[in-house]
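Following are the structures in question.
There are two complexes below, and they share chain A, which is joined by chain B in the first and by chain C in the second.
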Partner chain A sequence: MKTNRREILMFAGGSAVGVLFTPAPWRLITDTALWSENWPGIPAPARGEIRARFTNCSLCPAGCAVRARCVGDQPVQLSGVTGHPLSHGALCPFGIVGHHLPHLPARVKEGPLKEAAAALADGIAKCGPAESVAVLDLRPSRTASWTYRRAMAALKNGRYVTPSGDTSVAVDLSKARTVLSFGVPVLDGWGTPGNVNAARTGFHLIQVDPVESRTASMADRWLRVRPGSEDALAQALAGRITHAAAADTTGLTVPEIAALAKELEQNGPVLVLGSSRLASGSGIVIARRETPVPEEWKKAAPAENLASLPDRSVRVLMIDESASAEYLSWNAIEKKLVGDNPVVVVFACSREGYARHANYVLPVGVYPEVADDIPPAIDSVAAMFRISAPLVSPPAGMVKPEEFVAAAAALGIGDTLRERADTIHKTGRGKLFTYADAKSQALKDVSADNFWKALNAGGCWIDELDSKPSPARLTTVAPEVRPAEESELPLAVVLTHELTPGSPLLSKLYRESNLRLAPGRVALNPSCGLDDGAPAVLETLLGKCRVGVTLDAAIPPGVVQASASPALLDLCAAGVRAKVVRV
Partner chain B sequence: MTSANKSIRAARYGMTIDVDRCNGCGACMMACAVENNVPPAHEGATDRKGLTWIRVFKVDNGEEYPDRRTAFVPVMCQHCGNETPCVHVCPQQAVDVDPATGVVGEMPQRCLGCRYCMAACPYHARYFNWWDPAWPAGMEKTLNPGVTPRMRGVVEKCNLCHGRWHAAKEAAAAAGKPDTEPVDYTPACAEVCPTAAIHFGDLNDATSVVAMEAGKAESFRLLERLNTQPKIYYRSKRDWVREIAAAPQPGARKEKARG
Partner chain C sequence: MALGAGWLAFPRVLYRSRPQPVNFSHKIHADKAGAKCEDCHSFRDDGSFAGMPTLDKCSSCHAAPMGTTATEKSFIDDYVTPNREPQWAAYARQPENVSFSHAAHVKRARMACKTCHGNTGASDSLRPYQIDRISGYSRDIWKIPGRPHGMKMADCVSCHRQKGLEHSCLDCHK
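== the complex of A and B ==
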C-alpha cells in the first residue's frame, strides 16, 4: 500500500480534530491549573498539631486577653478570650495581627551592645553634679519600670522620667451617664475596646471634635468646634467665660452651648475626658489601688515628668520604646539634653521612632516574644496583674532593656516578674481568672507555684475593689503650641491617632481600602489645590516632613488632619499652625 | 462541596450586620485576611486593585454639618440566593452555590481569570489577584494551614470561611453527629467583631439569631430591587442608610461613599 501526501495530511488533520473529542486536552488544562496552584511562588502553610495557647496583648495599655491558635508552637491566628471580665473577648485590628510583628521587614535585629554599654559607663562617670542620668519609660508601672526606678535610685544622679499623668487614676465607665469628650478617641483606641463597647449603651456620648473622627461619627452628639478652641468651650461650661465669648471662639452657637450646659447638669454623672477644666461626677474618676510590689523595691527613684527636668541637664538618656504608649516630641526631649555630647540609648524594634535621634539603638524582642507585664488599663477600676507570656522565641542578640539598665547601675536583679507575682500571692487578695476555662477562683485557694504557672499560661489577677475609693483627677497636658501667623501657616492641625503601623497586612485598612488614614498621611479638603495621593511637605514652625495627601470632603477648609507618626509628632501637636505644599 | 442527597437538611447560612453598631474599626477585615491567607498589598496595589474579601465602606447622608451623619457598612460577597449573577457568567464553572449551605463558592483552580464574574457582581465583592501572593520573609510561618493561598490571575472572594465549615464538619463527624445536619461554626469576621455588630447563622433555622434579626422591620439587603436574594442582611434604624443600600438612580440623592 502506497501512502500519498494527501492521505498523510488527512490523517494529521483528522487526528487533530479527533483529539478534541477525547478528555486529553481538557484534562491537560485542569492539570495545568492544579500545577499552577502549587508552583513555588505560592507559599505552603506549615502543618502540625493545632492547639490553643493564651497570653495578653502588650501592644497598647489595654492589654486584652488573647487566645492564640497555634500550629505547633507558631501562632497563626489571634482572637479575644470570651468571658474575660474586662476585654470581653474583643481584640482591635492591630491586636489581631500582632503575631506578625516578629517578622516585620524593617525590624532592628542587631545593635552595638558593647559600644553602648561603654558609652553609657563613660557618660555616667562624666556626669556632673548638676547633670543627670535618666531613663524615659514610655509605659510606666510595669515591673520593668520598678527596675528602672531602683536602678536610677542606685545612681547618684539618676532620674526616672515618664511621659505624663498619674497611672493610678482609673475611670469607672459603668457609673457615667454622660461622657463629654474633648477630642479623646473614646470609641477608637481609648481604654479597653471590649469594656468600652460593653458600657456603651449605658452612657450618652458627646464628642467635641474639629473633624468628624471615628468617635465623632459614632457619638450621640458631635459638636464641631474650630481646631484648638476646645478649651474655650470647657471654660464656658465651667462658668469662667461667657457663652457668647465661647461661641465666638469655637464657632458653636450660644443656644448650642447653653443646651449642652443644661444637658450636663441634668444628665449626670458626667465623665469629662480631654479637659482639666471640668470635674467629672462623683465616683467616676478614682484612685486605683496599686498592684503590690516587694517592699524592698520601694526604695526607688520617684517618677517625674519630663517637663520637671531642668533644660540642658541630662547627660545620659535611655529611652525604653519597647513598650510604648505615648510619644513625646523629640523637641521636648532634646532641650533637656546637655549641649556637649549627650549619650542617648534607645531600646526599640524599629528605626522610625526615637532611634532616628539616638547614638545607639539596641534591638529588643517584640510581642509575642518577650515576657512583660501590662499595668491596668485606664478603665480598669481594680488593680490587675497580667503577663504577656511569650508565644515564640526572640531572635538571637535581642537586649532586655531592664537588665541592661540594671547592669549599668550595678543593680543585681533576679526574676522580677516572679518576685512580684509572689508578693501579690502573699496578700491573698482578689481572684485569679484563667483564660483556658474562663473561670475565676479566689487567690487564697491557689498555691504560689500554680499562680505563677497560671499567669504564664494565660491568666490575670484581679484585685478586690476598694470599698471607699479616693477621688482622683484626670490630668491633661496641653501641647506646646508656638504662635504663628495665619497668613504664613494657613492650616490648623488636627491629629488622629491611627493604629501604629505593624503588620504589613494593615495595608487592608490603609492602601487597599482607605478606611483609615495611614500614618504619615494628611487629609485635606478638596479645595486645597493639591492632588489626591500626591506627595507633599507638611511644614510647621518646628520643621518639615514629607507626607502623602488624601483629599476628603469631610475635612473643613483651613484644617489639616494628620495621622500621627513619630516624624509628624515631632513637628505637630493638635492646634498648631501648618501648611502643606506640593513637592 | 456539593451534595444532592435529599436526606440532608439544607442550611442557608447568612449574616446580619447591624450598621448602627459598626464603628468601622476594621477588625473584621484583618481577621478575614488572617483566616483566609489573603496576602498584604503589593507595591502597586491601590484601593481598586487590593484584595479585601470584606471591606468596610464609610458612607454619609450627604448633608453638611450639623446635619451630617456617617455610617460604616461592611460589604462582602452577598451570597445571592436567586439567579446568582457570578454563577451564570462563569465560563469555567468555577463558581457554584452549595445546595447544602447556600454558600456561593469559588474554585480558584478552575478560574481562568476572565473576570466576567467581577463585571457581573452588582456588589463589587469579587477581587482579582493581580500579583503573586507574597509575604515578608518568615511571615509564611503564620499562614493558616486550613486555607490554601491562591495564585496570581484568579478571582477570589468571601466564602463565609469555608475552611472553618470543613473543620466544623470534621469535628461533628468525630463527635458522632450525623452528616445530614448543618453544623455550628462562625466565620472570622463575626467572631472578632468587637461591637457584636455581625451575627452569623442558619437563616433556615427560625430560632437562630440571624433568622430573627433578618425578619425585623429595620432589616434590609443591598440592592434589593435586583431580586438576587442576598443572604447578608443589614440593619439600621436610620432611613438614609436604608436609602443608600437601595442605591437610587444617580442624582436622586447626594450620596457619597469613601472606602
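== the complex of A and C ==
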C-alpha cells in the first residue's frame, strides 16, 4: 500500500485532534508548571520535627518576646509569648514575619574585611591630635555598646557617639490619664505594642499631627495643625505665646486651643510626647535603673551626641547599623568628617542606608541569626536584660561589629553577654521570666548557669522597681532646618515613622497594596497634578532624590508625606520645604 | 490510536511506581487490634499533626513477631530488629507551597479522615505509590479513578464553598 501526502497529513491532523481528547496535553501543561515551582534554587520549607523555640525580637527597641514554631531548625511562624509582663503576647506586623529577614534579596553577603581592617589601622595611626576615631552606635545601651565604649576608651582619640541623649528615661504609661502627642506614633511603633495596647483604655490620646497618620486615625482626638507648627501649639499651652498667636500659626481656632489647655489641666496626669516645651505629670517620666554591667567595663568612653563633635574632626568613623533605632541624616554626619580621606566603615545588612556613603561595607548577621541583647524599651519602667537568641545560623563571612571594633582598638574581649548575665546574677535582684512556661521566679533562686541557659532559651530578667524613682525629662532633638522660599519649594514635608527593616514578603505586600508608604515613595494630595504611581523627583535645599508618587486624599494640599527611608531622610526632616516634579 | 496513546500509554509513561516498604494492612489493625486512625496518625501536644507513625510506635506492639506471615517476619527483620525507620511514602502529601492544617479540619471542623483519604482505613494492603516523573508529586493528589475525592486546590475550594467558608490565599499559601 502506498501512502500519499494527503493521507499523512490526515493522519497527523487526526492524531493531533485525537490527543486533545486525552489527558496528555493538559496533564503536561500542569506538570510543566508544577515542575517549574521546584527548580533548584527555589526555597522549599524544611521537613522535620515540629517544636517551639523562644527568643526576643531585635528588629526595634521594643524587643517583644517571640515564640517561634520551627520545623526542624527552620522557624516557620512567629507569634508573641502570652503572659509576658511587657509585650503581653503581642507582635507587630514586622515582628510576625521577622524570620523572613535573612532572605532579604538585596542583603549584603560579603565585604572587604581585610582591606577595611588595614584602612582602619592606617586611619587610627594617622589620627592627629585634634582628630578623633569614633563609633556611631544607633542602638545604645546594648552589651555591644559597652564594648564600643571600652574600645574607644582604649584609643587615644576615641569617641563614642549615639543619636539621642539619655537612654535611661522611661515612661510609665499606666499612670497617664491623658497623652498629648506631637506627631509621635504612639499607637504605631512607639514603645512596646502589647504594652501600649494594654494601657490604651487607661488614657485619653490627643494626637497633634498635620496629616491623618495611623495614630491620628486611632486617637481619641486628632488636632490637625499646619506642618511645622506643632511647636507653636506647645508654646501656647506652656503660656509662652498667646492662644491667638498659636491659632494664626497652627490653623486651629482659639477656642480649640483654650479647650485643650483646660482639658490638660483637668484630666491629668498628662504625658507629653514629642515636645520639650511641656513637662509631663509627676511620676510618669522617670529615670530607670541601669541594667548592671561588670565594674571593669565602666572605664569606658562617655556617650556623646553627634552635635558635640567639632566639625571636620573625625578621621575614622565606624557606624553600627546592624541594630538601628534612629537615623541621623548623612549631611549631619558628613560635616563631622575630616576633609582629606576620612575612613568610613559601615556594618550593615543592606546598601540602602549609610552604606551608600561608606568606604567599606561589612556584612552582618540579622535577626534572628545573631545573639544580641536588647536594651529596655522606653515604656519599660524596670531595667531588663533579654537576649535575641539566634534561631538560624548566619551565612558564612558575616562580621560581628563589636569584635571588629574591639580588635581595631586592641581590646581583648570574651563572651560579653555571659559576663553581663553573670554580673546581673550576682546582684540577686529582680526576677527571671521564662517564656516556655510563662512563669516568673526570683533570681536569687536560680543558679548562674541556669540563668544563662534560660536567657538563651527564651527568657528575660526584670529588675525590681525603684520605690522612689527619680523624675526625668524626655528630650526632643529638633532637626536643623534651612529656611527656604515657599515660592521655590511649595510643599511642607511630613515624615512617616517606619524605620524597621521589613521582611521581603511584607515589603512586597505593602509595596503592592500601599497600605504603608513604601521606602522611596511620597504621598501627595490628588490636586498636585501628578499621576498615581508616576516616577518623580523630590527636591529640597539638601538635594534631589527619585521617588514614586502615591496620591492620597488624606494628605492636605501643600504637604508632601515622605517615607522614612534613608535616602529621603538624608534630604528631609519634618518641616523642611520641598517640591516634587515629574520625571 | 492517538486516543489510546493518550489514555492508556501516557499515564504508564508519566507515572513511576514505588512499592511501600511494608505491605501494611489497615484492616487487620482496625479489626484485630481495634486501632483507630488517631492511635497511629496522632496529634502532638502542641496540636500539630504527626503524620506517619515512627518505628517507636510500631515497635511498642511489634517488639517481637505477632504472627507468622511473611510480611510480619520481613517487617521485624528489616526494620524493628535493626531499628531502621521504614521510609513510608505519603500518598496525599501536598506540594511544598501549601500549608495544610490537619488540626483545623479534624479537630475544629470534626471532619472524618475518609472525607479526604477515602476508605484507606479499611484497606487490606497498600497500593503502590505513584510519582509524577515531571512534577515529582504523588498521583494521589489528583483525582484518580476509584477515589471519591481529589486533593487539588479546586477540591479544597469546592468543599470550603459548600460549607460557606471563604478564605484568603495566605491561609494555605503562607
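Assorted remarks:
One rule holds for everything that comes next: the second predicted complex is superposed on the first by the 530 of 583 C-alpha atoms of A that agree within 3 Å, B and C clash if a C-alpha of one lies under 4 Å from a C-alpha of the other, contacts with A are read in each partner's own complex, and residues count from 1 in each chain.
FYI, a residue touches a chain if its C-beta (ideal position, glycine included) is under 8 Å from a C-beta of that chain, and two chains touch if they have at least 3 such contacts.
The structure presented is a predicted model; accordingly, all values stated were derived computationally and were not measured.
When the shared chain is aligned, chain B comes close enough to touch A:G41, but chain C does not.
Using the contact criterion defined above for the overlaid structures, shared-chain residue A:L515 touches chain B, although it does not reach chain C.
After overlaying the two complexes on the shared chain, residue contacts for A:I50 are found with chain B and with chain C alike. Looking at the shared chain after the overlay, A:G18 reaches chain C, while chain B stays out of its contact range. Applying the stated contact rule after C-alpha superposition, one finds that A:H99 touches chain B and leaves chain C untouched.
By the touch criterion defined above, A:Q74 reaches chain B but does not reach chain C. In the superposed model, B is the one of chain B and chain C that contacts more residues of chain A. Residue contacts after overlaying the shared chain place A:L28 against chain C, while chain B stays out of touching range.
Once chain A of one complex is fitted onto chain A of the other, the partner contacts of A:E296 are absent, as it touches neither chain B nor chain C.
Taken together, the two structures place residues 30, 34, 37, 44-45, 50, 76-77 of chain A in contact with chain B in one case and with chain C in the other. By the touch criterion given at the top, residues 23-27, 29-31, 33-35, 37-38, 40-41, 45-47, 50-52, 55-56, 58, 60, 65-66, 68-72, 108-110, 112, 132-133, 135-152, 188, 191-192, 194-196, 256, 258-259 of chain B touch chain A in their complex.
Chain C contributes residues 1-3, 5-7, 10-11, 14, 44, 46, 48, 95-97, 132, 134-137, 174 to its touches with chain A in the complex. Taken in their complex, chain A has these residues touching chain C: 14-19, 21-24, 27-28, 30-32, 34-35, 37-38, 44-45, 50-52, 76-77. Interface residues of chain A facing chain B in the complex, by the touch rule stated above, are 30, 33-34, 36-37, 39, 41-48, 50, 71, 74-80, 90-93, 96-97, 99-100, 102-105, 187-188, 193-194, 197, 200, 212, 214, 217-218, 222, 224, 503-509, 511-516, 552-554, 556.
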